[in-house]
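Dropping the structure in here first, questions after.
Labels run A, B, C and D following the written order; every chain starts at residue 1.
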Amino acid sequence: MTGITIAGGTGPAGRGGTGRATKAPPLRPQNRQLAILLVLLLVAIPLPLILPSAQGAVAVRILIFLLMAVGWNIMSGFGGMFSFGHAAYFGLGAYTSAYLLVEHGVSPWIGMLAGMAVAAGVAVVIGYFAFRYKLQGAYFALATFAFAEMLRLIVTSTEFTNKAVGFSVPLIQGSSLWKIQFAADSPAYFWIALALAGLAGAASILFLHSRSGRYVTAIRDDELAAASLGTPVMRHKLMTVALSAAITAVAGAFYTQYYLFVNPDLAFGSSVSIQAIATVVIGGIGTVWGPVVGAIIVGSLSDVTATLLRTPPDFLNFLQGRSGLDVALYAILLILIVRLLPKGIVGTAMARWRR
Amino acid sequence: MTILNVTGVGKDFRGLRALSEVEFEVGQGEILGIIGPNGAGKTTLFNVICGALAPDTGRVLFAGRDVTGRSPDRIARAGMVRTFQLMRPFGSMSVLENVSLAAQHERQPARRLRERSLEVVERVGLGQWAHRPATELPTAGLKRLELARALAMRPKVLLLDEVLAGLVPAEREPVLDLLADLREQDGTTLLFIEHIMAAVMRLSDRVLVLDQGRVLAAGSAEEVTSDPRVIEAYLGEEPAGAEG
Amino acid sequence: MSARKLVAGLGACAVLLAGCGGSAPSGAAGAAAGRDHGPVKIGALHPVSGANAVDGQQMRRGAQLAVEAINAAGGIKSLGGRKVELAEGDTQGKAEVGQSEAQRLISEGAVGLVGTYQSAVSTNVAVVAERNRVPFVMDVTASDAIFAHGYRYAFRVQPGSEAISAAAAAYLKEVSEKAGKPVRKVAFLHEQTDFGSGAAEAFSKAAAKLGIQMGPNISYDAVTTSDLTAQITQVKASGANVLAVAGYYRDSLLAAKAINAVKPNLDAVWGVSNGAYDQPKFVTDAGALGERYFSTNYHYDAKNDQTTKLRADYQRRFGAPMRTGAVLAYDAVQVIAQAVDRAGGTDAEKVREAISASQVTPLAVGRGPIRFAANGDNRNALPVLMQIQGGQVKQVYPAEKAESQPNYSVTWRP
Amino acid sequence: MSNIGNQKGAALAPDAEAPGAASPRGKAPHPLRAALGGGGNAAILKRVAIIGGALVIAIAVALLKSGSGLVVWQSVVTGLLMGGLYGLIAMGLTLIFGVLDIVNFAHGALLAVAMFIAFGVVQGTGLHPYLTLLVAVPALFLIGGVVHRGLLSGTGGGSLENQLLITLGLSLLLENGLLMFFGAEPKTVTLPGDFQFGLFGAVVTGARLYAFVGALLLGALLFWLLRRTRFGTAIRAVAANGPGAELVGINVRRIHTLTFAIGTACAGAAAVLAAPLITVTPTLGEQFNITAFVVVVLGGMGNVGGALVGGLLIGLVEQLTTIYMDGQSSLLGVFVVFVVVLFLRPQGLFGRRA
């Protein structure tokens, strides 16, 4: 393209940008983030050997939260489609794998893949209607919530999902990677969860920097403008939703294998959706590392308060025997973070860093 | 050769007639100015042509194909691209990223995409801003960014909605030169909504006047400005060209 | 940290690399280390916080009283009087919290667990117990599904949901016939999850065998319902002469209000595993509405002097009447402690063997000493029929457990 | 339904030229535009006819399904009475939703707080339950004002997810606060001298009737406030166009706080009227919150009259669901209606298509 250009124009105020303008960053952000992810994974590998076994369980819980959070963040953070119903996908992942394992003896690995497919399929259907009818903001959130609740109610009263009883994973003798079953305090659970979380994290980074990810970011910023520049809006929104649901389904499937039991409330209850949201918002919505920070905080919080309450320091003694404190603390933390750090911990830190 | 053909287009907003029986044609490589008082339906017309709104009646033919009611993104990829009166940058991206988003429809290696995007950014004079967040741009810069994103699409037809509004006269000239050059060099067809009559007079081959959702007059700039109906429609309005 | 963990870790690593199979790196091995010295720990898992905190606290205190009684009587005799200690866990009423708490108690060296009040939580804890080979004696857990998995380490003191429903049907037939108003047709109103539907199903099955006609069978959502008038109207329209109700506290109270409003032509209101109709609190909240309601359920043995003494003790210490759940928790702790005594050690397998051969005299209603069937259920658990009479919950049937005669009638019909 | 909002609605129509018009459902359809009616008489009549027709068919099918006229009739009566209660609870929520654009998930928890206040006062002083209105309503008004000023106003409360999380956090905090201070044991508030009577065979209790009448009265009061007072005009102006209202000298932040406080006070009134009907527990809010949101969307957000009618409809839907689908939660029917309405008429049954 040659021809007339608009001459000059004023440069960015101060700190003359000429140098910055032409030089590319040394390492593409995608590669930098993948490198950081790899380092984090390597650091985490020996953790279960170091931590006492009670903390090992907390670490696994953190990883499950992380998987859910990464899934939710793709749709609602990167994509700006605020889902209040991710329990639907978590539950579909959990129930699909549990059903296949309990009723048909299918390996949970296959069950996990099946759960991802089912969750992605349902997400695409729900998404299609929600986008087709242009639901946005609070309306979109309420619609996703309604679908998750409908699934919970249907599962609760359907015979082949065992109604309200749910599924107990049959115990096997010994350990098996194929059946994802090990001794209760085996570090293998942690490593499998870590591997899954690492894959999910990598998927989320690669997605963000892909062509599709750029489209989705543009759609989030301004859907009409993006459409006017030829962005295939519906297709990329649905792809985002499907990826998000599939990753969340992995969390559900792994949850079932780790806890060996799932019922409608555990899988489809609104508290699951809330956990996914709270984790990301505390960490930093729409950031790559927000889910990690959020999961560490939210995942360990209830354990910290429980320990605190079991053997309270003197000044908290009056609280012993009172119920509800841990949730109240959690609620206060949530409110404080949202009020004081509206972009979440990572988001706010990054904004400071840039300045 | 006709590239855009609008026939019998009508659009209601809850009983409010925004467009009615709008008909016109635009030839390949033509520059069509669209003027009219506020609320005449100019932007609505753009929304209908580009698929952001489905018309209640009528059809839009682009390069001989019916695109009525098609989604905006398909129309844009087909080569008919618009800019917005109010600037709509992607706030979380840099200027360059804004532009490369529009340029990435063609499959190409990342390096090539980057070069091409930079070229477009340079062409509209935003080279020094390329890696700054789009939200930091001043108004004039945002206007150029709108233009740059549209250009990166390599449009066959470009619809510009008040691309000069908010620019001081000194900033207008280079934009006008660029637009003129677009047709010369790239053969782009232009439709532009404009309040600044001097620009309309200078650039357009033909002018379409809209009033209360209808086509009031169409013809060369001289013809329409001397049309008594047009003058009447503008009566009571501030003198044309003051500011849009 | 410790070499053992490293070895276990490497073992698991090898499993990961090699694919499937391999011998189990035992988690129980480490826990056993803590059992051999110090007091004998018994884990108590109850919902001490959350929506069921009142019952959870009751049960924890019940378990605590059992531990105190054992220690006061000289501890575990076969172990030279080693003291017993309660290791307490809070399930918060959540299944996954229950699981992690169970794991914690086991790793702290608990020889056995008691709990947990909620079926979903018990299901989860039973899995942990099974995998760690630690006996789990359930005090309150209604669901029978847990005992269908063939678990070796799961036991239960209370009569299960099915046993209660079957007894409720049998008692209904006997009591109504004795009163000269034989039951003709039973309408069943129940909440719609496993608890209520399971009770309704088991009741219908038992009723069919006894030649009792059933219908209609009406379910509702306990979480969201706030009016049951239409449902009771349906009962009235059906011509049934007995209404059986299986629900939780809140919704059963709503049902009582609706029954009072609609006044269907019933001979009796018949609670089955009902969460309200044998509770003193129900008598307070419902007042005259609840008078003469029947309820078949597990219950503390009001005719046992030892139970009466225990409950008086509880009332004195904690200022509240001791509920049945707390008595069952007391019984469950006794089961584990006496098994340790007979096993003569804390070895999990031996304790399990001793539990399965238990002969513990319960303070809750029973046919005799607590004895476990092969699947872990208490063979001598006995549901009892109670009725609200003059503002008090009385045991009325079977005769040997009766404090008072059943009055087979309702207040609003002559 | 009255349709006073007519001219106002037209005047507030967005400029057809504005790009915003390109995505009609983008931002929420405009609040309060259709408050207490909107659209022409003919359109309203047509809509009422459609809804009425659907109801008649639904009831007829229910009759076929259950085979007992008495049962269906009792269901309809119960549904309408319950529906009045839902409408009552949803009115405050719809006001907040409509004017402040806040999805207030703490509404149910605030309802619970008000019930505990009512319970506490009745327990402590032996006052007649309905007289606790004098305590609960002002208390909730204050709490609402404090919550808005302290937690929701200002930049931090800006985005949807932040508001949602703050109100969610608040509801968790309130619920668990109640749990810590009052314990989990269900409490009951009994209405002295409660009575009941038959209505063509269906049973109606006094407490339910009072709650129903209370809903109508509160609806009328809010109507009067919004339509006939200068304060109400200011609220509507802020709802329609905040910056515009600021230009004509309205203190938008103050109006927001007052609206939030009024909405919360409505929950207080609803709580007192509902307390004798249900068991008071710290978590009772959840049960009503979901239903209230459905009612708000059904009635059109910001539409107080719509909330009342929506409440009645949802009450009926609940009861009919239990007849249609045995063994299913009545909530399922409610959600099905909700999703259909969201998709087909996101502006609510009585709002106008934007």
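The rule is simple: a residue touches a chain if its C-beta (ideal position, glycine included) is under 8 Å from a C-beta of that chain, and two chains touch if they have at least 3 such contacts.
Since we're looking at a predicted model, the values are computed, not measured.
A centroid comparison over C-alpha atoms places B as the chain most distant from chain D.
Comparing chain C-alpha centroids with the centroid of the full set of protein C-alpha atoms picks out A as the closest. Here the spacing of chain B and chain C, counted between their Cα centres, is 74 Å. Centroids of chain B and chain D (each the mean of its C-alpha atoms) stand 45 Å apart.
Centres computed as Cα averages put chain A at a distance of 41 Å from chain B. A separation of 32 Å divides the Cα centre of chain A from that of chain D. Contact of a single residue of chain B with at least two other chains is seen at positions 52, 84, 88. Under the contact definition stated at the top, the residues of chain D that touch 2 or more other chains are 19, 22-23, 179, 183-184, 282, 327-329, 331.
For chain A, residues that reach two or more other chains under the stated contact definition are 156-157, 224, 322-325. Remark: chain A residues 48-50, 52-54, 57-58, 61, 156-157, 163-166, 168-171, 173-179, 182-188, 191-192, 259-261, 263, 265-266, 302-303, 306, 309-310, 321-326 touch chain C in the complex.
Looking at the complex, you find that chain A touches chain D at residues 76, 82, 84, 129-130, 133-139, 141-143, 146-147, 149-150, 153-154, 156-157, 223-224, 274, 277-278, 281, 285, 322-325, 327-328, 330-332, 334-335, 338-340, 342. Residue ranges of chain A in contact with chain B, taken from their complex: 1-12, 16-18, 20-22, 24, 211, 214-215, 217-218, 220-222, 224-234, 286.
Taken in their complex, chain B has these residues touching chain A: 50-52, 71-74, 76-77, 81-82, 84, 88-93, 97, 100-102, 104-105, 114, 116, 119-120, 122-132, 136, 138, 140-141, 144, 149-151, 153, 174-175, 177-178, 180-182, 184-186.
Residues of chain D that touch chain A in their complex: 19, 22-28, 97, 101, 103, 151, 155-162, 164-166, 168-170, 172-173, 175-177, 179-180, 183-184, 282, 290, 293, 297, 327-329, 331-332, 335-336, 338-339, 342-344, 346.
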